[in-house]
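Sharing a structure, written as structure tokens. Questions coming.
Chain nomenclature is as follows: A, B and C, assigned in order of appearance, with residue numbering initiated at 1 for each chain independently.
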Amino acid sequence: MEYQWNFAPIFAHSDALLVGALGTLRIFVVCLLLGLSLGLLVGLARYSTRRLLTWPAAAFVEFFRNTPVLVQIIWFFFALPILVPFEISPMTAAVLGISLNSAAFSAEIFRGGIQSIEPGQWEAGRAIGMSYAQIMRRIILPQAIRRMLPALTNRGIEIFKMSTLASVVAYVELLHQGRLIASLNFNPIETYTVIAVAFFLFLYPLVRATYVLERRLGRSD
Amino acid sequence: MNGNPDMRALLRVGGLEKRFGENAVLRGIDLEVTAGDRIAIIGASGSGKSTLLRCLNFMELPTAGRIELDGVAVGSERRRGDGSIERVYAEAELTRLRRRIGMVFQQFNLFPHMTAIGNVMEGLRTVLRRPAAEARARALVELTRVGLADKAEEYPARLSGGQKQRVAIARALALDPEILLFDEPTSSLDPELVGEVLAVIRSLAEEGRTMLLVTHELGFAYHFASRVLFLADGVIHEQGSPEEVLKHPREARTQAFLARHRAFSF
Amino acid sequence: MYQWDFAPVLANFDLLALGLLNTFAVTGTALAFGVPLGLALALARLTGKPLLAWPAGLLIEVFRTTPPLVQLFWFFFALPILIRVEMTPFMAAAATFSIQSAAFFAEVFRGGIVSIERGQWEAGRAIGMTHSQAMRRIILPQAVKRMIPAFMERAIELMKTTTLVAVVSYADLLYQANELAQKTFRPLEVLTVAALLYFVCIFAVSLASRALERRLAVSGETTVR
């Protein structure tokens, strides 16, 4: 017998899905802001010539790039509370895991972007009497960020996908709500299909946008 | 003018046109090549001379016109919806045809992951399915002919530009082509390496091979060719013996082109 | 001040070792199926025939754009009902990660193939090769060499992603660590050791791939990402 698809129970729980979607968006925005800004700082530290900065930055990047995010989230949720005197909420654990991981990856994007700018730009800045920080802020970063845009957008998409891992420590987001609905109504097929489609519909325009960005930058560079 | 009149044309081109979108690169080329012809094709960049050569072995598909090899027309006719007739080409037919027409490229296009002898053997092994030992022996003959037997086991990255182009010539020769096409074979070479490649081409001419050569080396064209074509704006503007076209051009455009290339001497 | 005590971890290290072995099993299986499937998808997408290119493109985009945990849940909870086959956690994980990594490998293959200069195709055709002969003998051998860094990066990502199988109770390293943490009441030590185990394994692969990349760079080959 053919399976009878029935999406009605899911739409009956659309309020629960909405709560989940808001949870997903919230953790996405927080991780995006924290991850990219921390990534910029680490990237600048990696690029600097002072060993006191580069070494810790390199260790940070290597450690967080080479361990799975889920292990980090679980560690922050179950292990960290033993070391610190305050509660770690599911949100805090997930944000720590995802942001630090994203910072490590985006640090390498920032460093690569900064390195890709020709030395002549530094020389031109110095020649008109600008300081290192001024050249970085006014000359180098504006050009580098343009080149890094596709890679950074990709990072954003990865962060959005990673946000589902927060459900493992019972943070209320879209997938968490999906599991709830599926177990209440015994309809995993419809529920997980809807969740997958929702993610795809939200993210695919962004994916297309990165393709367009890549092509446009490929032409002008 | 085209040599012995009762000799049948090996290659006959009629009304050949090639457009890239709006841009008409070839606008009606008629040409007969008889066995043993050595044809030099000259003209300014953008005149369509490389495109003409690339249409002859169907690296580019002609937009209109027909090409006959040994009296057999390539492709087949198909009536369009509006009643006009177009030619269509089956890939399998073109693949078979290309074994009979060898090509040497401006950029060599050697296979970088194969040794020199591997490059020359590749067509024998993969296309003609010859046994390895036979293919190797034959490839060595061709490498010897271009003077590179001692470089057989080198990878292209370790060869000079001139050596690469000689390997590429050996690769084309290995398949016993009836016609050889040279697309500006010396244009990406350092000046001091041009001579060794031209020497190989000259020796092939002495063997009586049928060859078409697109070139900027007008001095070489003068000594090499049995016939010279001057292309301009996608048509054969003037043709004849090297003496006629290069020394005593009738057309104003040919004269102007040659005047800009006065750096050569015959 | 917290008193660290690694004795319970060491006493039960065989459990973690078994978990690590299972992590390798899932990763290896997904690689074994994902790489050939990825090549097939890339070739289908490059044919230019809509009937092949479109389904391949859709599969690639869907699996690259949706979260892997959602995919895993779909394969573990939904698919068994649809096709009426019992799915063990291992089967669901192997299926999910094979297809998911195939989608990523397909893009790596495609990038490698299109990075080969047009002249290589022309040289193959000029000596009478068919499209598939040129692909097999000329293009792929060169493309694969250029793809190695991107390929290694994907393999590392895959190994990290396999931690998700713990969520559907497959006994990988993360799952075993979680169990052990509850059994010994020593989550800090157990989870720290598990994180370090992951780090050591993945970092070793990273270093190896960087060394390989440097050697390829020395031999004059450009790489694609």
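To be clear about the criterion, contacts are C-beta pairs under 8 Å (C-beta built on N, C-alpha and C of every residue); 3 or more make two chains touch, one makes a residue touch a chain.
What you see is a predicted model; the values in this text were computed from it and never measured.
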Chain pair, most C-beta pairs within the contact cut-off: A-C
Per Cα centroids, the chain farthest from chain A: B
Closest chain to global C-alpha mean, per-chain Cα centroids: C
Inter-centroid spacing, chain C versus chain B (mean Cα positions, whole Å): 47
Gap in Å, rounded to a whole number, between the CA centres of chain C and chain A: 20
Averaged-CA centre spacing for the pair chain B and chain A, given as whole angstrom: 55
Multi-partner residues of chain A (at least 2 other chains): none
Residues of chain C defined as touching chain A within the complex: 2, 61-62, 64-71, 73-74, 77-78, 81-82, 156, 159-161, 163-164, 166-167, 174, 178, 181, 187-188, 191-192, 194-195, 198-199, 202-203, 206
List of chain C residues in touch with chain B within their complex: 117, 119-120, 122-123, 125-131, 133, 137-138, 141-142, 145, 219-220
Complex contact set, residues of chain A against chain C: 3, 62-63, 65-72, 74-75, 78-79, 82-83, 157, 160-165, 167-168, 175, 178-179, 182, 188-189, 191-193, 195-196, 199-200, 203-204, 207
Residue numbers on chain B that touch chain C, as the complex places them: 57, 59, 91-92, 95-96, 98-99, 102-103, 105, 107, 109-113, 122-123, 126-127, 157, 168, 171-172, 175
